[in-house]
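Heads up, the next two complexes both have subunit A, just with different partners, subunit B and then subunit C.
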Partner chain A sequence: MTRAAVNGGPSDVRRRGAGRGNALLGLAGLCGFLALIEALPRLGFVSPDHLPPTSSIAAALAEETSDAAFWTALGDTLTGWALGLLIATAAGITAGMVISIVPYLREATASTVEFLRPIPSVALIPLAVLLFGTDLRSTLLLVVYAAFWQVLVQVLYGVQDTDPVAEETARSYGLGTWARIRHVLWPTALPYVMTGVRLAAAVSLVLAITAELVIGAPGLGARIAVAQTSHAVPDMYALVAVTGLIGVLINAGARAVERRSLAWHQSVRGEVSP
Partner chain B sequence: MRRLPAGLAAVALLAVTATACGSSSSDDSGSSSDGVTTVKVGVIPIVDVAPVYLGVKQGFYKKRGLDLTLETSQGGAAIVPGVVSGQFEFGFSNTTSLMVARSRNVPVKAVANGVASTGKAGADFGGVVVKGDSPVKSPKDLAGKKVAVNTLKNIGDTSVRESVRKAGGDPKSVQFVELAFDQMPAALAAGQVDAAWVVEPSLSVAEEQGARVVASNFVDVSPDLTIALYFTSDKLAQQDPELVKKFAEATRESLAYAGSHPDEVREILATYTKIPEKTLQALTLPRWPEEPDRASLERLGELGRQDGLFDEAPDLDTLLP
Partner chain C sequence: MLDVRALRKVYEGHGRHVEAVRDLTFSLDAGELVCVVGPSGCGKTTLLKCVAGLLEPTSGEVVLRGQRVTGPPPGTAVVFQEYGRSLFPWMRVRDNVELPLRQKKHVTKARRRELVEHALHAVGLDDTAGAYPWQLSGGMQQRVAIARAVAYEPEVLLMDEPFAAVDAQTRADLEDLVRRLWQELGVTVLFITHDIDEAVYLGERVVVLSSSPTVVQEQLTVDLPARRDHLHTRADPRFTQLRTRVYEEIQAAKRGGGVGGAVAPPQPLDKMP
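Entry: the complex of A and B
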């Protein structure tokens, strides 16, 4: 028998029912939004030259999806996003742990981190072009730079949140550095890390598209830029809609990963023990 | 032809430093054993560069042993540093941008002609448009008005000022604002600007939406105005004159071919842009002479100096092939 069944079906059913209700509400909101976009140009509030109705955007989208170049561009964008996120996450976690563990390093790096963090990735575009031209590596530079800080800062906060009693207990039981990371620091930091990764996933997508849009690195962003300069307005909105859709999927995926890896944590279990 | 932000100076400095430090990435052009050289060209996906796309399709580069990859970027901001640092062997840029770069000692050198004005007032591929019901009837009336250009302190404002000057208006009183070409028709329709300097395909789109051409600013500078050029870095020009020569020859052949095959130009445009069919048929194509027009460039340099883009007009001998 599964735990859910033992734990009392009703609350579970209620929760699942609420989930379905939320999904329905979300869908209704989306339909309303699409209807609004359809209505605005048709009622003459904006010129269809500048904001085409939903139906013509949908037609342009259908045409896009039948073009092989569109799928290549989508693949390029997702590659840039995934690679960038992976590098940023690995680097962020490693750097965060090292900074937290090595004595005084945190204090020594704090001002540098706060100095570098707010620098917008986009400001690095000339540097990216100079180093890597207009290929994937330029996109990666921007994506990694933006996503890295999201992860790093969360790791720093997460480790700082460690219960000093747990930490001291681990020490007095003679746990080594590695064991303390593994059994004390990491579990404490994990919820923070997951938040950082989820934020980084969204930021990575924004930066991947931006890099393509501004630099012209291959991908959906470059396609949007071409549609824009060509005055293919419905096409441009269709591609923008695709990036929005990817965003929704990425967020849903990141939340699923977060729930799964934190299944043991009370924030996800939703039951306070005492 | 498009945006080259004011950050050029900073970028140029970086570029020079990078090359001076012996940037490791400047030997991208690889000669394979069968004598085919891979060459990257930084272009902007606009009407102006159609000849190169056609030249690749027609095999003008291949038959000279060049395997061309066209790297599209969104403007000179990415192309100039890309070429100087050796990411691209060649690039496409408007003439004023190259003059500004040259005057700041950015090591760029033109290798082939890019694109030229049609020379016909009222029927050029770029011009200043106003709303259909605008009180502006001649370039003279632009004095004191707000005019959109794609990049400030570049070929747009310099040439529009010349139009106003020639018509007897006060060029200094024109207010320029920076806006992307594709946003200009909307900004004009909404009244955010009084006039806009646009090039194709935005020009045709603006006209479709009821705008009226009041000045052909390129023609006012010179009927044969050379608007853009293909260029390379000084370094490559010295290191591999053979490669530069082959590229220049193939480009010359492509320019001539594009000039005599306008239908194929419109066809190739449909492959690398998304210009809607209706606009594609309506737009005015530029001219693609095989050689840059030196007299027009001298004039453009002089206007740039007058407008303070550089302290003295650049030496065309160092810039031109």
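Entry: the complex of A and C
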């Protein structure tokens, strides 16, 4: 059988070795990129007013990190991001499960979902300002709207992927609705949910920064806007780099959670599916 | 114990009208092991799903212990052919076997653990409780599915071509396992298969289905000794006679007649195995 366990087998070791090599290459690429940014303004290809060299961005970053206001802004951004993501995830999972389980509800809601989903969250900025002004709630509205659909749609797909044999097995052993949700539908949907949450986490960050930039809700986005208007170009770049770093950390964190909770899934368990 | 009465199932939808089962009537006594055999596409799985309460018959009824089956009846366990899909890949073997027991409110945690251990021991899988199903071979996975049914302590065990997807050697072992468990547990077993040898080897009685539109073609009592093994039972002349008889019935069923009846068509005896 091809399904025999191969965890920790030679292919695993090889993959890990290749991973280390790739990481080194990636690091080299990043260093090259930073060196390029250092070189371009110094060699006069671009004005340092538009793109300051890496070293001055780094200096600005160091200065930022010694400023308490920076940390407050970072905290505000992360609060908006995390709270929004949490609300969107909880709402998306609940709504997705209810829509999947209640007969005919999926069909009844499909066209509405397809209509609401493509509305760009930024189109709601005027509404957010109207309702909440420059409050954190404005950020939350945009973040939740953008992230909710990502999670909802994945839950809908995930539950639909339930194996009829698994479902019949559960029914034949007398599992009730709640037990079937918990032991069959939820684990089946979980890989999809994880993908949805990972996408939602990235989108949430985009929307959190956007809301702060455009509306002026407190956070890194607002600080970037301030740096721009006060012509502190290296600070602006430093803050942009910080948002990028947050994005990287969020994605890495989401992947780690995914791998841990889906150890049983064929995408993670590291073997050839038959 | 288990009565199937005038069971008929028609699938409708997408402009199609498929009569999977036309008219099935047979019954099982308590503690009996009955094999249902029939040509492919004759609605065996439909029959099993109706008996398991997973599918509603178009007409007729299934009666279990005097109660009409309208949903999955308590005390009934099903072993499906697709073991890989019937076991939950996100649960370890132990949890897979235990899950149905957790639905039984009166079974304590200690008792559950005992039942799981005992069931895994009964199918010869003592050391795999902590493994995931997908780490096991096909035959072992089907053993886990059988252990899950055994731990459930069912009165009726329904098996839907459970060994159709395993290799011949594993299959012989699993057939012996089913007979042993049946004898030890005193459970009523309805075993569905397309394999004539398997039906005769396992069953105390064989119900032969006709091809679609499906009716009961014939019922045969298997008067082989209770203790059976592959080496001797299959060499027994009586075994050969019985399997020839079932084979004839199925061939006749395919032609739409009966063997030995008034309307029996001539038998091509030279083509018999």
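One rule holds for everything that comes next: the second predicted complex is superposed on the first by the 257 of 274 C-alpha atoms of A that agree within 3 Å, B and C clash if a C-alpha of one lies under 4 Å from a C-alpha of the other, contacts with A are read in each partner's own complex, and residues count from 1 in each chain.
Note that contacts are C-beta pairs under 8 Å (C-beta built on N, C-alpha and C of every residue); 3 or more make two chains touch, one makes a residue touch a chain.
For clarity, every value in this text was computed on a predicted model and none was experimentally measured.
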item: Three-chain arrangement built on subunit A, subunit B and subunit C clash or fit; value: fit
item: Degrees between the directions from subunit A toward subunit B and toward subunit C, using C-alpha centres, nearest 10; value: 150
item: First (subunit B), second (subunit C), both or neither touched by A:T109; value: neither
item: First (subunit B), second (subunit C), both or neither touched by A:V165; value: second
item: Touching partner for A:V184 - first (subunit B), second (subunit C), both, neither; value: second
item: First, second, both or neither for A:L131, with subunit B first and subunit C second; value: first
item: Which superposed partner A:G176 touches (first subunit B, second subunit C, both, neither); value: second
item: Touching partner for A:S56 - first (subunit B), second (subunit C), both, neither; value: neither
item: Which of subunit B and subunit C A:H265 touches, first, second, both or neither; value: second
item: Minimum distance between Cα atoms of subunit B and subunit C in the superposition (Å); value: 49
item: Footprint overlap on subunit A, comparing subunit B with subunit C; value: none
item: Subunit A residues touching subunit C - in the complex, by the definition given at the top; value: 1, 3-5, 163, 165-166, 168-169, 171-176, 179, 183-184, 187, 190, 264-266, 269, 271
item: Subunit A contact footprint on subunit B (complex, rising order); value: 7, 10-11, 14-15, 18, 25, 40, 42, 45-46, 71-74, 77-78, 81-82, 85, 87-88, 180-182, 185-186, 189, 201-202, 205, 209, 272-276, 279
item: Complex contact set, residues of subunit C against subunit A; value: 49, 52-54, 71-72, 74, 76-78, 80, 82, 84-86, 88-91, 99-100, 102-103, 131-132, 134-138, 148, 152
item: Subunit B contact footprint on subunit A (complex, rising order); value: 47, 49-50, 125-127, 129-135, 213-216, 222, 225-232, 235
